[in-house]
Amino acid sequence: MDTIEKKDLIDIFGEIKIIMANNRDNLIELDSVMGDGDLGLTMEKSFAAAAETANTIEDADLGKFIMKIGMAMAKAAPSTMGTLMATGFMKGGKVLAGKEELTINDIAQFFRAFSDGIMAAGKTKPGNKTIVDALDPTATALENAAENNKSIVDGLSDAYQAALKGVEDSKPMKAQHGRAAYYQDKSIGVQDPGATAGALLLQGFYNAVSK
Amino acid sequence: MDTIEKKDLIDIFGEIKIIMANNRDNLIELDSVMGDGDLGLTMEKSFAAAAETANTIEDADLGKFIMKIGMAMAKAAPSTMGTLMATGFMKGGKVLAGKEELTINDIAQFFRAFSDGIMAAGKTKPGNKTIVDALDPTATALENAAENNKSIVDGLSDAYQAALKGVEDSKPMKAQHGRAAYYQDKSIGVQDPGATAGALLLQGFYNAVSK
Amino acid sequence: MKKIMNKAENFVDEMLEGILAAHPKELKITNDDLRCIVSANKTDKKVGIATGGGSGHLPLFLGYVGDGMLDGCSVGGVFQSPSADQMLEVTKAIDSGAGVLYIYGNYGGDILNFDMATEMAEMEDIKVVSVVAGEDVASAPKGEEGKRRGVAGIFYAFKIAGAKADELASLEEVQRVAQKAADNVRTMGVALTPCIVPEVGKPSFTLDETEMEIGMGIHGEPGIRRGALQSADDIVDEMLFPILEDLPYVEGDEVSVLINGLGATPKEEMYIMYRRINQVLNERGITVFKVYIGEFATSMEMAGASISILKLDDELKTLLAKPAHTPFFEQKQL
Amino acid sequence: MKKIMNKAENFVDEMLEGILAAHPKELKITNDDLRCIVSANKTDKKVGIATGGGSGHLPLFLGYVGDGMLDGCSVGGVFQSPSADQMLEVTKAIDSGAGVLYIYGNYGGDILNFDMATEMAEMEDIKVVSVVAGEDVASAPKGEEGKRRGVAGIFYAFKIAGAKADELASLEEVQRVAQKAADNVRTMGVALTPCIVPEVGKPSFTLDETEMEIGMGIHGEPGIRRGALQSADDIVDEMLFPILEDLPYVEGDEVSVLINGLGATPKEEMYIMYRRINQVLNERGITVFKVYIGEFATSMEMAGASISILKLDDELKTLLAKPAHTPFFEQKQL
């Protein structure tokens, strides 16, 4: 697989939907520790809407296609992570405007815009124990893969690994945003549910392309 | 003892005060079954105020003396029984107006007015499971005693026995007034706290004169 | 007992101190007695309207003292009547020569004391008449209306009487409309949890975690059915149908609906109740002129709610629509 | 979970149906979406004011939509932000060309969605500015005001902004006074019991029968001290002193005080609290212009209360004194 086409994207969204549904209880549990416990439900809802939209919209322009999915997600689950994921897809889609197939380079650009879009919306940066701590290393891994002319499968494999490592690395961080921030030092050592959702997103991309 | 004088009345109120205080928990328990459980507290308060007033007011006119005690009681505890007892003393005092000593005949009139006053205020009659079921027989007993020229001690002994019998007789009645009435048939067989307080009142009169 | 209070024996007086401190322009006391509350505004020639009753039901009773409603209120201990003496002091303070109307709930202790106060007021040459509100259909069957407890529906008698008195109507006229309001309202309630009288320190009854009691009174008087907590729609039906059949309220009637929270029940739940009430009234062709939803007659921290329906005619409607302004209740002209 | 409701998943929508049925002359929806509530009255050339936020806090947020306050509100699930899309629909409905001010609480999900709505509104050529209210001194230390949660004090921003907008002031002016109100209010709360999100079905935290938590948020966010329930006076002092020191409020200041019940706490207890607040303010030479006591920002059936103090200047005082009329809040001209 040298490029990702629309049908591949549909598969990817199908895969993420399943993964989020399978991990619902796990995310609920993680978000219950220092949050309101809704993350499993909202991710399930968001990506169910994403997969449904992917199956129904017509656009050949993959940029528009992804942006519309983002907009559908924003409606589906307006929680923090629901909105941030939606923002990521909208901002990531924007940089793909006009493209009908995506190279490893495009995918790297997509994830950089995705991660930067979340940072801008969330007024945050790496190191604050958020989804960004999974997504920023993801984007970097994809940029490296593109530079080294890696295949899409290998690039997304690196990216998924980077996201998983990002989740681990964020454990010792102190939460600065959202409900977890109210817990101050008590958040240190706890796994961030948003970063976890970020890694699951990458798992979906990787699983779908490596099938 | 052929007549009751002011000093005797002061003794009587002192005695009732002690009896009500001693029976506080018993009255609370009785009133808790189908009422709000305050009767012990209000009777203690009412008769403490009565005894205090008896000790401090000047009137030689025993009618006025007793009416003033009733007014003090009305202020002290405005619960149902507090107000009814106060009404009883006010109405009973009225018929003694001008008297400086009381014969058995006066005492009979006093209790008849006391009982009738409560009936009027409470819009009730004998048989409705109230204090009237203790006081109406009391008045009758005193009227009989007066007719038969009994002594005050004997008359009040009869009256006290009649009140106790009234309490017993009221057990099978169904409550028609106050909080107990909400319990309808469930009130049948239960001892009426108000009638009990009526009997304690008579016990106070009897104890004081037979000392 | 989880209450924000200091010593239990000071519960009522400290509450009153807080109320007077918070609303100094609207309320004052008479006879130097904290428990004798009167409006700071006195209108010449107006019939004075007084109420009174036990504490623990805010905004009932004193919360309705203010412009367009009541002129004074005597305040008892928690769930206890004030004394006749205190009622008399309020009566004296609010009488401006046009006489005084007492409106109070149908409870033994209150009746005895208001009756005694009436006698005392007459001795002071103040003309006093009374309206005793009793509209809880759960508390006595049809035909025995005189035995019914007064609950949240008394709000309507206050509102209607206050509006009429503001027209400088005679004592008889004010009494007549208050009685009309009292006669045309019906109420039924449901309790989900008990409340605690501060000085007692424990609930006077208990309800299981899944139980409710339909028809329970605002002092915890026994209701008509205890059972498993039902859905909002079923609870409403169980309260509303007997209300509608009692007066009865029929097609073509125009009404005002009042949903009263007993203390701990949030407005969210009351509006879910109203959704069903609205459906039923629509189905029966009964029109709603004005809806009141909130806390009007509480039992401190008791959870539960009551539904009151007032049947309107043109006179009641006009009077209900008049503005009112008290520290606890505001309404602009409807 | 003892709630008067039907299916938990319908809690919010059925509540909204009830609200719309009860107040048809005052409120309507836009875009055919129950969760997009707007005032039935639209004033030409007036700045539109919108809020939005999770359900479970009545009268917050939609309860302040009405004359003299807000023009619209998007409604989220219980303790959940509404979507940017819904915010946009409300924005479109209430804009009359003068622009729209968003006033909402400082919570991550709400910020993200209102930011997104702002971008979307700009694409539709509607000018939007925001005031983010955050005044809970227990939620972040002085110097980090930007991290503080918005709680009951947001009421003042709504009231002040609404009064200013009624003068047909510019968007910048309305934003300025709303921000001034938000900047001059401080709040602290205490929780006595948890509340239950209907779809969750169990409390997200527990408090022992004798425990309280000072500084807890209205979604159960952790407070600053958990301990044995204290006396009302001590609880007030533990909340009021940090508030007064924070802004700070000093001798000669004139303020408005708001005591907000979280849901299950009766007014009796709130007035006992006010008694102490009044003592402390008197001692410190701080004058009280207006007191609000009741439920302004609740957590469904949570027991507890918060104290908010707004420091007034002539401008804020004049605007606070203006009348307002919504289905949940009425005030005549002070």
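By written order: A, B, C and D. Residues from 1 in each chain.
Please note the rule applied: contacts are C-beta pairs under 8 Å (C-beta built on N, C-alpha and C of every residue); 3 or more make two chains touch, one makes a residue touch a chain.
Only a predicted model underlies this, so the values are computations on that prediction, with no experimental measurement involved.
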Once the contact rule is applied, which chains count as partners of both chain A and chain D? none
Most remote chain, CA-based centroid, reference being chain A: B
So what's the Cα centroid distance for chain B and chain D, whole Å? 57
Between chain C and chain D, what distance separates the C-alpha centroids? Give it in angstrom. 29
Cα-centroid distance, chain B relative to chain C, in whole angstrom: 33
If each chain is a node and each touching pair an edge, is that a line, ring, star, complete or other? line
Interchain pairs in contact, sorted by label: A-D, B-C, C-D
Touching residues of chain C toward chain B in the complex: what are they? 76, 79-86, 108-109, 111-113, 115-116, 139, 147, 197, 200, 204, 217, 219, 221-222
Applying the document's contact rule, which stretches of chain B touch chain C when the two form their complex? 36-38, 71, 74-75, 78-80, 83-84, 86-87, 121-123, 177-179, 181-183
Would you tell me which residues of chain C are touching chain D in their complex? 2-6, 11, 14-19, 21-23, 55-56, 58-59, 63, 190, 192-193, 209-210, 212, 229, 231-233, 235, 263-275, 278, 291, 293, 295, 298, 300-301, 303, 305, 323, 325, 328, 330-332
